[in-house]
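Both complexes shown next keep chain A, but they swap its partner, so chain B is in the first and chain C is in the second.
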Partner chain A sequence: MSGSFIARNPSVLWFLLALSVFTVAVTLMSEVTGVGLISTSFVKTLGKTLCLCLIAIAMDVVWGYCGILSLGHFAFFGLGGYAIGMWLMYARTEIIVVQSLANAPLPPTDKEVTDAIATQIFGVVGSAEFPLIWAFSHSLALQLLMVVLVPGLLALVFGWLAFRSRVTGVYLSILTQAMTLALSLYLFQNDSGLRGNNGLSGLQNLPGLDAVPQSVISIAFFWASALALGLGYVLFAWIVSGKMGSVIRAIRDNESRVRFLGYHVESYKLFVFTVTAIVAAIAGALYYPQAGIINPAEIAPIASIYLAVWVAIGGRGRLYGAVIGAAFVSLLSSWFTGGSAPAVNLGFYTINWTDWWLVLLGLSFVAVTLFFPKGIGGLFDLIVLRPVPDRQGDYGPDKGAWRREEGEP
Partner chain B sequence: MMFRLFCCALAIALSLGAARAQDSDAPLQSLLQANADAVANPSRSTVDGLVAALLASDLPGVPVFLERWRDRGVYLRSSDGLFYYATKAEGGYALVDVDTGQDAGQADSADITELRPNAGVRRVIGSALVAFQLLDDDPARRLAALDAIDRSPSEDQLEPLRLSIDEEPDPALKDRKIRLERLLSARFAETPAQRIAAIESLEGDLGVDARAVLNLILTTSPAVFAELPTDRNIAAVLEPGTEALSEDEAYARLVEAGFAPPLTGVATIKDALIAAMDGDAVAGIPVAGLSTDAAREAAYEALAATGAVPPLVTLDDQAAALAAHRFVLLYAEPDPAITAAAADTLEAIQFKVGLNQAADLALDGLSLASIYFLAAIGLAITFGVMGVINMAHGEFIMMGAYTGYVVQLFIPDYTLSLLLALPLAFAVTFAAGVAMERLVIRWLYHRPLETLLATFGISIALQQLAKNIFGTQARPLTSPDWLSGTLTFNEVVSISMIRVAIFVLALMFLGLLIYILKRTRLGLEVRAVTQNPGMAASMGINPDRINMLTFGLGSGIAGIAGVAIGLYAKVTSEMGADYIVQSFMTVVVGGVGNVWGTLAGATLIGFLQKGIEFLNPSNTLAAQTYMILFIILFIQFRPKGIIALKGRAAGD
Partner chain C sequence: MSTLLEVSGVSVTFDGFRAINNLSISIGQAELRAVIGPNGAGKTTFMDIITGKTKPDEGRVIWGPRSISLLDLSESQIARQGIGRKFQKPTVFEAQTVRENLAMALKNPRGPFDVLFYRKSRATAARIDEIAEEIGLTDDLPRRAGELSHGQKQWLEIGMLLAQDPQLLLVDEPAAGMTPAEREHTTALLVRAAETRAVVVVEHDMEFVRRLNCKVTVLHEGSVLAEGSLDHVTKNQDVIDVYLGR
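Let's turn to the complex of A and B:
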C-alpha cells in the first residue's frame, strides 16, 4: 500500500488519456467543426455508448468486484432517465403552452397554465391532471436531485432488505430481476403517472434551446457523457482500490470469512449497491436526452441481463474491461441489427444478420463464459504483466465469482 | 281469333270463379270475411274480439295467420275482397291461400293492399301468439317462445304462460316455465301479495335474470326536495359531500331542478370577462392584471355591480343551498313492501353469489397454480435439486409447445396428435436438456452465476432461432373437441375443460415425480448426489450420469408443460420468457430442492395472483406488480421458502 493512487492504478491514467483523445478526435471530426466526417446521429450514438460504458462500470463494480449479480441496474438507469425526462417534457410543454396562451384575451392564471400542460402531456393516457410524482417536475434543480435520490433510495431500501436477510448468489439475482420486472410492469400501466407504455418522448428537444442546432447539442451531450464516464471511472477506481476495495473483493471471494473477520459485510454491500445504482441513474439521465424517448420496455429485465452480458464479454473484475465490453457489444449490436452488416450467402441459405445476430450473440456469450472467463479485457494481460495475487487454492477474480462452498466438488 | 278470345275469357272466368268459390267457403277465410273490416283496419278496440273469435274457432291455420298478420305478411286483394299471404315476386306478388297454404296465383301490386296493424294491435296479436306457441306440439317452438319471453318480458305474457304450465308435458320445459312465471310475477302480478310471494320465491336463485328482475324492481332515480315527502317510496337519503354524492354533483342537481342558480365557475367568470372586455379594461380594471383567480373574481363582482352579469354565486352560497335541501333516491316502484322484499331477497342472493364466486375464484386459482406448478416443476428439479439455474427453461417450454404445433401440422386428428405430442415434446426437450448439460452446464457446476449467464445466452439464441424458423406471429395449438368445452357447476361456478386437464396433468406429474424421487433407484441416486456428490461418487454412483439424467428429466417436463400451456395460450417464441420469472418465483417461494415446496409455492402464487386480480379486476398489470412485491417481502421473512430443507440436506 505505497505510492499514490495513480501510481497504484496506472490503468486510470491510460483510460483517461484514451478517453480524452477519443473525445477530442470525435469533436474535431464532427459537423460542429465543419469537417463532418462523423454525422450528428453517429455522434449521438457514440454519446449514448459512453453512457452505456458508465453503467457497465457500475455493473462491473457491483458484480465483478463485489460478487452481486444484480439484474436490476438497468431499472435504476431507466429511473434516472424518467426523472430527467419529466423535467424536459414539462419545461418544453410549458414553453409551448405559454406561447399559445399568450394570444388568449385574458392573461392566463397559473392554474390554467398547469392544466394546459397536464392536458398536453397526459392526453394520450386519457388524463388531464398531474399525478403526485410530478410535483417537482417544474424545477430542473429538484428534478436533478430526483435523478440521484429516487434510484438511490430504491437501491438503499431494496439492498437493505435483501442483504439483511442474507439473500445471496443466484437468489439475489432472481430477486433483483423480480424488482425490475415489477417496476417495468408498474410503469406499463396507464395510471402509473408516467404515460404508460407511451413513455416520455421528445426528450431530444431541450427547452429554450430551439435555436441551437442538434449538431452542437449532440457534441455537448457527448462531452458531458465523456466527462461523466471519466469521473465515474476515477470514482470507482478509487473505491475498488485501497482497503475498502480489498474488503469488497474479499466479500466476493468468501463472504462468511470476511464476516468472521469482523467486517460488517452488509454495510459494504449496501454501499456498493447504492453507489452503483446512483451512477447508473446518472448515466441514464445523460442517455435518454440523447435517445429522445424512454418507455417502460427499456426497463424490462432483459436489458439488465444484456448489461451483464456486456460486462462478461468485456471482462469482469477490471473497469476498462467493462468499458470495452459495453462499447464493443452495443456498437456491434447496432451495426448488425441496423442492417448494415453484409448478408452471408451459404448457397442453400442466406444469413441475414438482422435475424441471426441474436443467435450469434447468445452463442458467443456461452463461448466467452466457457472458454474466456476473462473476456476481452483479458487480452491486456498478454501485453502488461498483471500481478496475480498469491492465493491458496484456485479461487480468485480470474475464475469469476467463485465462492469457497461452491468450489467444493 | 274470336274463338281464342272466348276461350281465354272462359278460362279466366272459370279459374277465378273456382278460386273464389274455394276461398270464401274455406273456414278461416270465411271467418276473416265475417270480420273483414276488423282484419283490414284493426284497432285496439276491435282486435281483442277478433283475436278471441279466431282463438275460439280452433282452426289449424290461426297461429300462422296471426304470425303473418303481426309481421305484415297479410294482404287484401281489392278485386275479390279476400285475404292472402303474399310475398314479393317477379312482376308483382305471389299469393298464398290462408287456409290451404297453396299457391293462389299472382297479383299486381296495385291490386293488393298490405295490412298494417299498429304497435298496440301487434302486441295483442303477439301475446295471443305466445299462448299458441307455448302450447305448440313441437318442443323446439315452445323453447323458442320461452327464449323470446326471456329476452323481452312483458306484462301480457304472464297470463298465457300461467295457463300453459299445467299443459306442459316436458319436465325440463315445465321447470323453465315455472321459473319464468315467477320472474314475470315478481314484476307484473296483479296484487302486491302475489308479487311479494314471487319475489321471495326467487331467494337462492343464482341466475343472472333473477338478479336483473330484482334490480329492475329496485330501480331508483335521484330527486331533490326542500322537505322530505311522506308519500314517496324513498330508497335512501343522501348527504352531500359523501362518497355517494359529492357536493358538486348535489349542487348540479339543485341547478337542474331549478332550485338554485348555477355556480359562477372559473370558466363562467372568464367567459363573462372576455364578453365584457372594453379595450384593455373590464369594468374599469385593466386586463393585464387579471392573471389570478382572485383578481378575476373581483373584476366579475365589479361587473355584476353594474348589472351586466348575474351576481357572483360563491361556494358559500352553494353550501347554504345544499343545506336547505334534501337529496334522496326514489324507487320507481311505489309500494315500499315490495321494494323491501326485493331488497332482502337480492341481499340473500348476493350473499349466495358471493360464496359461489369465492368457489369460482378458488377454481381459477387452482388452475393457475397447476399451470405454474407444471411450468416450475422442471425448474425445481434442475435448480432445486441440482443447484443449477437454467434461464433457458422458458425456452424448453416454448420448444415443447412448438413440437405440439409441428405434430399437428402432420396429424390432423387433434386427439391423436395431442397424445403423440406429449411424449414427443418430452423426448425433444429431454434431448435438448441432456445436450445442454453435456456441452455447457457440466463445466460450470461450481460457478452458479456463470451458469445463469451461459444459459441466458442459450435462451436468447433459442428464442431468436424459433423466431427465424416459425416467424414472429403466434401459432395455434388446437385442443381436441372433448377438451374445448366447459365444466359448469351452476350459473356462477364454471371452469374450462382444458384447465381441468392441466390440473389433472399437474397432479399426474406430482405423483410421478414423487414416485421417481422416493421409490426408484434413480431417485435414490439423485437424492444422494444432491446431498453430497463426493460421498455419492465414492459409493459407486456416477454423478455425471445422474446430473445428466436429472437435467434431462427437468427439461422434458418443461416440454410437456409447453404443450399444456400452448393449448390454452398461443404459441409464440416469447411464451417461455413470460413464465420464467414466475417459475423462479414459484421455486424460490416454495423452497428449493423439494417437490412439495414447489407445489406450495405454485399454490400460494396462483391463489395470490387470482385474489389480487379479483380485488382489482381492471388491471392485471398491477396485480402482477403487487404479487412480485409481495414475493420480495415474503423472501425477507422466509428466505428459504415455505418448505425449507433442514439439517444436512440443506447443504449449508
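Let's turn to the complex of A and C:
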C-alpha cells in the first residue's frame, strides 16, 4: 500500500529527499562538525523555519484543500509553545531552586521548593503561587500531552460551534481572528497565569543539559523539526490523497452538493480543523525552544495573517507550495528586517528595508493573488509536463462550463 | 403499491410569499412521476423540502416503510436515508475527474474515518465502470468533470445519483440545454432507473414529459392542481387556464 501511495504521490518522495539532503547538508556545515560555515544562531533560524513550514502545510490543508480560511492557526501554534514552555521553565527553575536551597541549614520541604519555584517564575507579575493551569508543569510527559490536548480541544470546541452554525467564508475567518485576538489579549493580562506580556523565557536552556553546548542542542532541534516536517508532510499527503482528499476538495468547491451526497460536511471540516490545529501546536512546541521566548504577541492576529500570505505566495492546494512559501517568505523577511538588505538610495529618498519590507510583502501578495494564483509552486507545472487532456467539442451552454478559449492549453 | 414518500399538508412562506401552500403528494415505490408547473409553482421548493434544504412551516413529510419524519433530519442524513437529488444546473465537482466524482457518490459508509481509511476494491471499481457504461462516459472516466459538455455533466450527475443507489431520485429539469439525441438518452436512463426505484422528475418541457410516459402532477401556486396521466391533466380546464393556455 505504501508503495502505491508513493507512486500516486511522487511529490512526497521528492520532498522527503530534498528535506533529508538539506538536513544533512546543514548539519555538516554547522559548528557541531567543526566546519562552522553555518552559525548556531542561523541553524536555529533554519530549524524555526522548518517549524513554520510545518504549520504552513497545516494551513494549506485547512485553507487550500478544505477551503476554510482560518486566520487563527497561530493561536494553536502559540498554545503548543506555551505548553512546552511551562515545563521547560518549571524544570529549569526547579534545578536552580534546589541548588540554592541545598545550602540551607535544614533540607527544604517539597512545599518550600514549590513555593520558591513559584516565586521565581511569577515574581515578575507580582505573584508567588502556581495557578491551576500549571498543575502538570512538573511532568514532561503530561505537558507534552497538553501540547496536543489543549489546542486540539480548543479547535474541536471552537470548530464544532462554528461549523454547526454553518458559519462559512469570510465570517468564519473573522471568527477565527476573534478567537486568536481574544486569546492573545487574555494572555497579556498578568493574572492569566502565564506571566502576562513577559511570556515564558529562557526556553533555549534545556533543564539538566547545561553542559551540552547550544550548537549541539540547536542541531538536535533542527533534526527534530525536520523529522516533524517530514512526518507531517506524509500525514497530510495521505489525508489529501485518495477519497478523503476528494471529499475535502469537494467541500471546498461546493459544500451543499457534498451534503446532498450524504456526507456530514461539518464532521469533515471539524476533522480537518482539529488535525491541522494539533499539527500547528506540535510545530509551535518545536519552534519556541529554538526561539527561546514566547509571549502573547506571538499569537496576535497578524501572525495568522502572515501564515495565509505564505501559503498564498507559495501556492495553495499543493503541500510543497506551502513549504516553499513559508520558507521563502520567512527567510526573506528575516533578511530584510534584520538589516542585512542593503538600503536603496534614490537620491531624494533612501529606502530602508526595515521600514519598507512590509510594503514590499503586501505588494507581492497582491501581485501573486492577481497574476499568479498558483503561487511559486505553480512554477513546477512548467517543469512537470501535465498530460493535456483530449478535448473535443464545445464545453456546453451553462455558465459553469468551461469555454473553449479557457479549455485550450 | 405501497407508499414510499408521503408529503401532507405542507406549507412554506418566504418573507410573506407562500411558496408552498398545503401541498400533499404521495410517491409510491418504483414509480416514475413527473412534476410540472409554471415558474414559481413551487417545484424546486418542493424538492428543497424533501431533501431538508428548506424546513416547512407546517405539514408532515413521512418516508419509507418505517415512517420516519424527514423534517427532523439534516440534509446529509436524508441523503443517507436513500434520497438522491439532481440539481437544475449540473453541479458536479469540476476540478475532479469523472471517476472521482462517481467514487465519491458511490454508496459506502459516509463517516470521516470510514472515508479516511477507505480502500479501493475491485468491486467498487467494477461498479464505477458499470455506471460509466450506463451514462455513456466510459471513455471520459479519467477526464476532469469540468471539461465535459453540458449534456455529459447532466449524465454524470445522474450517474452520481445512481451510484448513491437511492430509493428515491429527485431530478430537477434533467433535459435543460440538451440536444434531442441527448434528451432521448436521458429519457431512457430515467425510465430504466424507475424500474427499481422511485423517480420524480421536475420538468418544464411537455415533450420530454410525454416521452417519460408516466403519472403527472401539476403544481400551481404551491399546491397540486391536477394529477393523473398526461392526457388526463392536459384536458383539465384549470391546467389549461394556468399553464397550457399561455
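By our rule, the second predicted complex is superposed on the first by the 382 of 409 C-alpha atoms of A that agree within 3 Å, B and C clash if a C-alpha of one lies under 4 Å from a C-alpha of the other, contacts with A are read in each partner's own complex, and residues count from 1 in each chain.
Here is the rule we go by: a contact is a pair of C-beta atoms (placed from the backbone, for glycine too) under 8 Å apart; a residue touches a chain by one contact, two chains touch by 3 or more.
All of these numbers come straight from a predicted model, not from anything done at the bench.
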| item | value |
| --- | --- |
| Touching partner for A:186 - first (chain B), second (chain C), both, neither | first |
| Broader residue contact with chain A after superposition on the shared chain, chain B or chain C | B |
| Touched partner set for A:324, first chain B, second chain C, both or neither | neither |
| Which of chain B and chain C A:244 touches, first, second, both or neither | second |
| Which of chain B and chain C A:312 touches, first, second, both or neither | first |
| Touched partner set for A:118, first chain B, second chain C, both or neither | neither |
| Common interface positions of chain A, toward chain B and toward chain C | 399-402, 407 |
| Complex contact set, residues of chain B against chain A | 266, 270, 273-274, 277, 287-293, 296, 383, 389, 440, 443-444, 446-450, 452-454, 456-465, 467-468, 533-534, 577, 581, 584-585, 588, 619, 621-622, 624-625, 628-629, 631-633, 635-637, 639, 652 |
| Chain C-touching residues of chain A, taken from the complex the two chains share | 1, 239, 242-244, 246-247, 249-250, 253-254, 256-265, 267-268, 271, 389, 391, 393-402, 407 |
| Interface residues, chain C side, partner chain A - complex | 51, 53, 74-77, 79-80, 84-85, 87, 89-91, 93-96, 100, 103-105, 110-112, 115-116, 118-119, 143-144, 146-153, 160, 164, 177 |
| Complex interface listing, chain A residues touching chain B | 69, 105-111, 158, 161-162, 164-167, 169-171, 173-175, 177-179, 181-182, 185-186, 188-189, 191, 301-302, 305, 308-309, 312, 355-359, 361-366, 369-370, 373, 399-402, 405-409 |
